[in-house]
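To keep things simple, chains are lettered A, B, C and D as they appear, and every chain counts its residues starting from 1.
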Amino acid sequence: ENKKIALVVKALGIGFFDAANKGAQEAAKELGDVDIIYTGPTDTTAEGQIEVINSLIAQKVDAIAISANDRDALVPALKKAMDRGITVISWDSGVAPEGRAMHLNPSSNALIGNMCVKMAADNLPEGGDVAILSATATATNQNTWIEEMKKVLPNYKGINIVTTVYGDDKTDKSYTETQGLIKAYPNLKAIIAPTSVGVVAAAQAVEDAGMVGKINVTGLGLPSEMAGHVKAGSSKSFAIWNPIDLGYSATMISYNLLTGKAKAEAGAEIGMGRMGNVKLDDNREGAMADPFVYDAKNVEEFAKIF
Amino acid sequence: MNTIEHTTRTIPDRLKGGAERILKSWESLLFAVMVAIFIVNSFASPYFLDPWNLSDATFNFTEKAIVALALALVIISGEIDLSVASIIAISSTLMGAALKLGAGPYELVAVGLATGAVCGAINGWLVTGLGLPSIVVTIGTMSLFRGLAYIVLGDKAYTGYPSEFSWFGQGYVWWVFSFELVLFVALAFLFYILLHRTSFGRLVYSIGNNQTAALFSGVRVARVKFILFVLTGLMAGVAAVCLTSRLGSTRPSIATGLELEAITMVVLGGININGGSGSILGVVLAAVIMGLVTFGLGLLNVPGIVMSIFIGLLLILVIAIPVVLRKISWQRKAG
Amino acid sequence: MTPKPAATIRLDGISKSFPGVKALSGVSLALYPGQVTALVGENGAGKSTLVKVLTGIYQPDAGEIHLESAVTVLPSAHAALRAGITAIHQETVLFDELSVAENIFIGHAPRNRFGLIDWNGMYEKAAMLLERAGAKIDPRIRLRDLSIASRHLVAIARALSVDARVVIMDEPTAALSHKEIGELYELVERLKADGKAILFISHKFDEIFRIADRYTVFRDGQMVGEGIIRDIHQDDLVRMMVGRDIGQVFPKKQVTPGAPVLTVSGYCHPTEFEDIGFELKRGEILGFYGLVGAGRSEFMQALFGVTKPSKGAIRIDGEIAVIRTPAEAISKGIVYVPEERGRQGAITAMPIFENVTLPSLSKTSRHGFIRLAEEFKLAREYTSRLDLRAASLDQDVGTLSGGNQQKVVIAKWLATKPKVIILDEPTKGIDIGSKAAVHEFMSELAAAGLSVIMVSSEIPEILGMSDRVIVMREGRIAGEFKREGLTAEALVRAAAGIGAAA
Amino acid sequence: MKHLLKHREFQLLFAIVALTLLIAIRFPVFIEPSSLGNVYSDTSILIILALGQMVVILTKCVDLSTAATLALCGMVAAMLNNLYPDVPVLLLVLVAIGLGAVLGAINGLLVWKLDMPPIVVTLGTMTVYRGIIFVLSNGKWINAHEMSDAFKALPRDHFLGISLLSWSSIVVIVLMAVVVGRTALGRSFFAVGGNTNAAVYAGINPGRSRFLAFTISGALSGLAGYLWISRYAVAYVDIALGFELDVVAACVIGGVSIAGGIGSVPGAVLGALFLGIIKNALPVINVSPFWQLAISGTVIIIAVAFNARAERKKGRVILRKAEVRA
């Protein structure tokens, strides 16, 4: 009997998560006795994820690895899953500690926050106004990163964050918000969008407004989606961790936990196959790897992969 | 000089027998559909026929169905309320705010219900007091109420609801019967009585059929409609309590899109969208059908959007089939 | 006897069924150029259905239509227009939000050379047609700003806008007042002179005998007779139509009015009526006469609490009463049988018994819970008192004939045991047989001690039924008359505002 | 002047100008020609959809499937472009319009031939059409670099200093003004919605008129689908989710009566512009994003109340004296 590991994502059809699924399949092949159930709601809501979790509990899966739409709202449903003997971990976007065995951060939040500001600052030797375009106002990881960005701000002289707007991970809303930023802040020099949907829309809006060279869009994006905009010059660089590795690692961790090869406790080290080990902190959280920066030199190469 | 014969011919009360009525009714069609889906599900997935799983499945529809019960009355009266999901959002938000002010579980429930009722009253006043069409009023309040939730909460969330409070959305009354399910059954029974067994229900039907004639018959049309909107707000408040308790937290985006599912339930349940006819039993059956379909497809890991294709087709087919059958039978008679 | 010319249009063996009703079974009808054929029959005899068959709105189940001796099929209203058949329908079939010109031309508007609607041409032609119909109306204004009579003139202009061989008029005078009716007669004469074949449907016999050349009688969807008007006596025509004799037309019982029940003083409304005051006694029938649009319905509706008066007071049995809603009026014993039965009176998609008990629900229910047995009992009692004809009490009111629907509405009010019943045009559009029935129980109600207010625009009815008559003109009381010695002329003068004859 | 002010359209125009000036007081950049041009560009799609929705509402129906139709047509156009980058863009635009017309016609047929309530039909097809996108695309996105440059360029190119996106809405406005004002079909929409029964007597087939109204709405949604996808250079399942309510709101603000039979092309256009300006201006004038929803909700309610007052029957005047006084 194969082990059933469910990879639950924020919403189906997002390139980032499809890539993570690739990694999960790779891990399953490596392990041999694992079936991956790749699932998630259609739009990014907690209620949708709860329905998915309920049907996974009913199917008696062995493990659930989830990227959460809401840090808190999923806790009761996931608790129920754990009560019924299912191993639950979160990855990418986390769940509150009582709702999961452990959480796998793609990278450490502090590193991501710092990286975002650094990418903006590297192109602004004299400093200048920077705006943040986030996803939904409730997105856990975005909010954490924005906090981290604000923390490191004093280290970058002259960089001034003027506002944070929300594109709700919708292209049209992100686009309109970007247009609004361009109009409202004539001195705007850079837009940081720590979301793969927002960063693409922002780059598009900057190009359409003829502001290429004046405003630099940076943040977190997928090479395949950003390649065109790097070429067009609206984005000089952006960062991301490798989603394939992330899906791979989440699957490996789930497998190790459910087979009892590892325990999710503070301070524990859990194996992630080819990705090495992750060390858990007091909140039972760990980081996979550093974010990786893409620019005109390497983006084409990676665009073919994810 | 009395030329009109006063025949003492009495008119019989009813012509059609009860059995014939029941067999030909919409509810029997829905019941057949429900049984069919149940059987198909049992064969399609080995996990379906498990009491705990079925119990989990009820969470897929109870909150929406509670709202749908009251919405059904509003729609029978010829109006509509698109703002129910937003009322849930603001109710939940104010419950969270009350929590921060130190409210206990029962005070939280009171805040949730009261907020719902007040929002319903606002809708009711705009529709009956100012005489505005309910479809556009509630498109407006839909944005307004959710917008208020965003103003209060922004990117924050309320968490840390007390564990006693979580019973409303997660607790079980007995064995596999959750509090939500029991509450829904009880409310369905109450709404059944209200609509089909009280004079208030009769007034609702009369308004939906012909508002002017109802007014000219002494029905307090505005008052009845106002009460219906308040009732719908109140039920949205009930749903907000359940949902907030089940999620254990509040975000302003809570319950997005719930209004369309509730309306789909009402329409699938055989309530005439133009008002005047329909029954509570139909709505209950439709709720169960929708719950079974989504749960059955969920067990097969069918993506949610594909499920919604099924629901959409079901909606069109269930309404179209009787029409087509009637047309065919006429043609036979004529030809 | 005039030599019989070739018929312009001839219907043969036309049948039409609706689910559950056979509206027409094998009827025939012929219309001749330059002649007016009157079509008479009880409510529900199938007259309007025949009109709809002739104008392509309904397709007959069987039978043939011969247009100038060629068999014709009329698959749509458009086809009928092209075939030169035009009609003024019984219901107003116009568009409130469109301009007068468009109301006249919708469906066949003049086009310019690009195939687009030629608005200017349309306005010009509309103005011409309106003049022909005897109306002074600007074709550019919106229909909703017109009075009811003007609307009918627009409907007539619409009928004239096609170059028709056949003109059909289904109860065209029902909503017109004296003066406009006269103009309509003139128009009919002109159409006759132009050689048009005219079908004229009416329940008013004086008018039929005045303008028709021929008659055709329908009963229960069948043709039961036809002939030349000059050769038949009114009584025979009625007998043919109803299938029995109608005795006394106005069976008014002599009642000595008792103490005042309702006293109205100084009732005003900003735009509709002003300073209305009168006294209504027990057992009295008080007639309200006036031209169509005199404001009688508006005043009655204010009395019933539908609209709010700006000033004024009423006393019921000597006590001051305030009525703000119909519910209050009903509880004080005032009820109103409205003019527009389909819209304001009956709830057509609900069963008879539910209609009857709607205002009495508090009596038939206990603690707000419905008791069906009580409801059926109440409904049975009052419907049988009015001799309602129906298959069962749970039948939808919409499936009843017009006269029977009216009975349901009246039964509904009698079941509340009112003190004052207001009947607004109680016999409008009702056939002669049912009319007698309505008059009969109106008289019985008064004899039983109820006070009746009867709004009517028909002089014979007013003269025949009322103990006292109040005439309204332009929202004010123009005169009050005792029954004795009251003449039609006096009424018309008061209603039209012509000074007393020398 | 007084006469002009009585028209809803002029009142709305006045409100729009006042609103724009108000914004300009705080942010003068907002009324620079290029900025206003942008706002119009941004609102073009809403205008196109509102005009389609208007004819449907005129016939006493409502089309809740516009946004889903838009998304499906846009996705199909994007997929075709992705698969066959050499197919001329104009052909793809025609395909999008044609597909939209077919989807609209399906709504129309269900309403016409099966007598189903339009709100139910379009509620059903709304979810079905969206689901089809998922099935077709397998939930995948089509990104900017997967579209040909010509495909993306069309709405961005300028002609006489105005973007082709704006031009497309201008063409649609002119076309719809002719259809609604000067053709028998257009007038039949008013007739059917104003008094369905009377329309039958006037030789109009209400079912057929509704069918055509839905088809027009579908075709315009199809066009809007292409414009949307190429504008934002991305296609996925949830494109324009919930946008149908904005479209209905634009119509209602523009004075189109939800009860049918009342409305005008300028009204619908102005309604869409009003909503567009608010949505564009709020980010500019620095209104917290959390306030935006509540503000647009309030605006809709106020607009409805305002229109209802204007529409309310000015009671018949029987009393002569009162008439003189008034």
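The definition used in the following text is that contacts are C-beta pairs under 8 Å (C-beta built on N, C-alpha and C of every residue); 3 or more make two chains touch, one makes a residue touch a chain.
All values reported here derive from a predicted model rather than from experimental measurement.
Under the contact definition stated at the top, the chains bordering both chain B and chain D are A, C.
Put simply, the chain farthest from chain C by mean CA position is A.
If you average the CA atoms of chain A and of chain B, the two centres end up 37 Å from each other. Distance from the chain B centre to the chain C centre is 42 Å, each centre being the mean of its Cα atoms.
A separation of 73 Å divides the Cα centre of chain A from that of chain C. With touch defined as above, residues shared between interfaces to two or more other chains in chain A number as follows: 12, 42-43, 137, 166. Of all residues in chain C, none touches two or more other chains.
Listed for chain B are residues 150, 154-155, 252, 257, 303, 305, 308, each touching two or more other chains.
Pairwise chain contacts present here: A-B, A-D, B-C, B-D, C-D [touch as defined]. Against chain D, the residues of chain A that register as touching in their complex are 11-15, 18, 42-43, 137, 163, 165-166, 170-172, 175-177, 179-181, 183-184, 186, 200-201, 204, 208-209, 224-225, 227-229, 303. The residues of chain B lying in touch with chain D in their complex are 126, 130-133, 135-137, 139-148, 150-151, 153-155, 252, 257, 260, 263-264, 267, 272-274, 303, 305-306, 308-309, 311-313, 315-316, 319-320, 323-324. Contacts from chain C toward chain D in the complex involve residues 55-57, 76-78, 80-81, 87, 89, 91-98, 102, 106-109, 115-117, 119, 144, 147, 269-274, 293-295, 298, 474-476. Across the complex, chain B meets chain C through its residues 1-4, 6-16, 193, 197-203, 205-206, 209-210, 212-220, 276-277, 330, 334. Of all residues in chain D, those touching chain A in their complex are 27, 29-30, 35, 38, 42, 134, 137-141, 143-145, 156, 228, 232-234, 236-241, 279-280, 282-286, 289-290.
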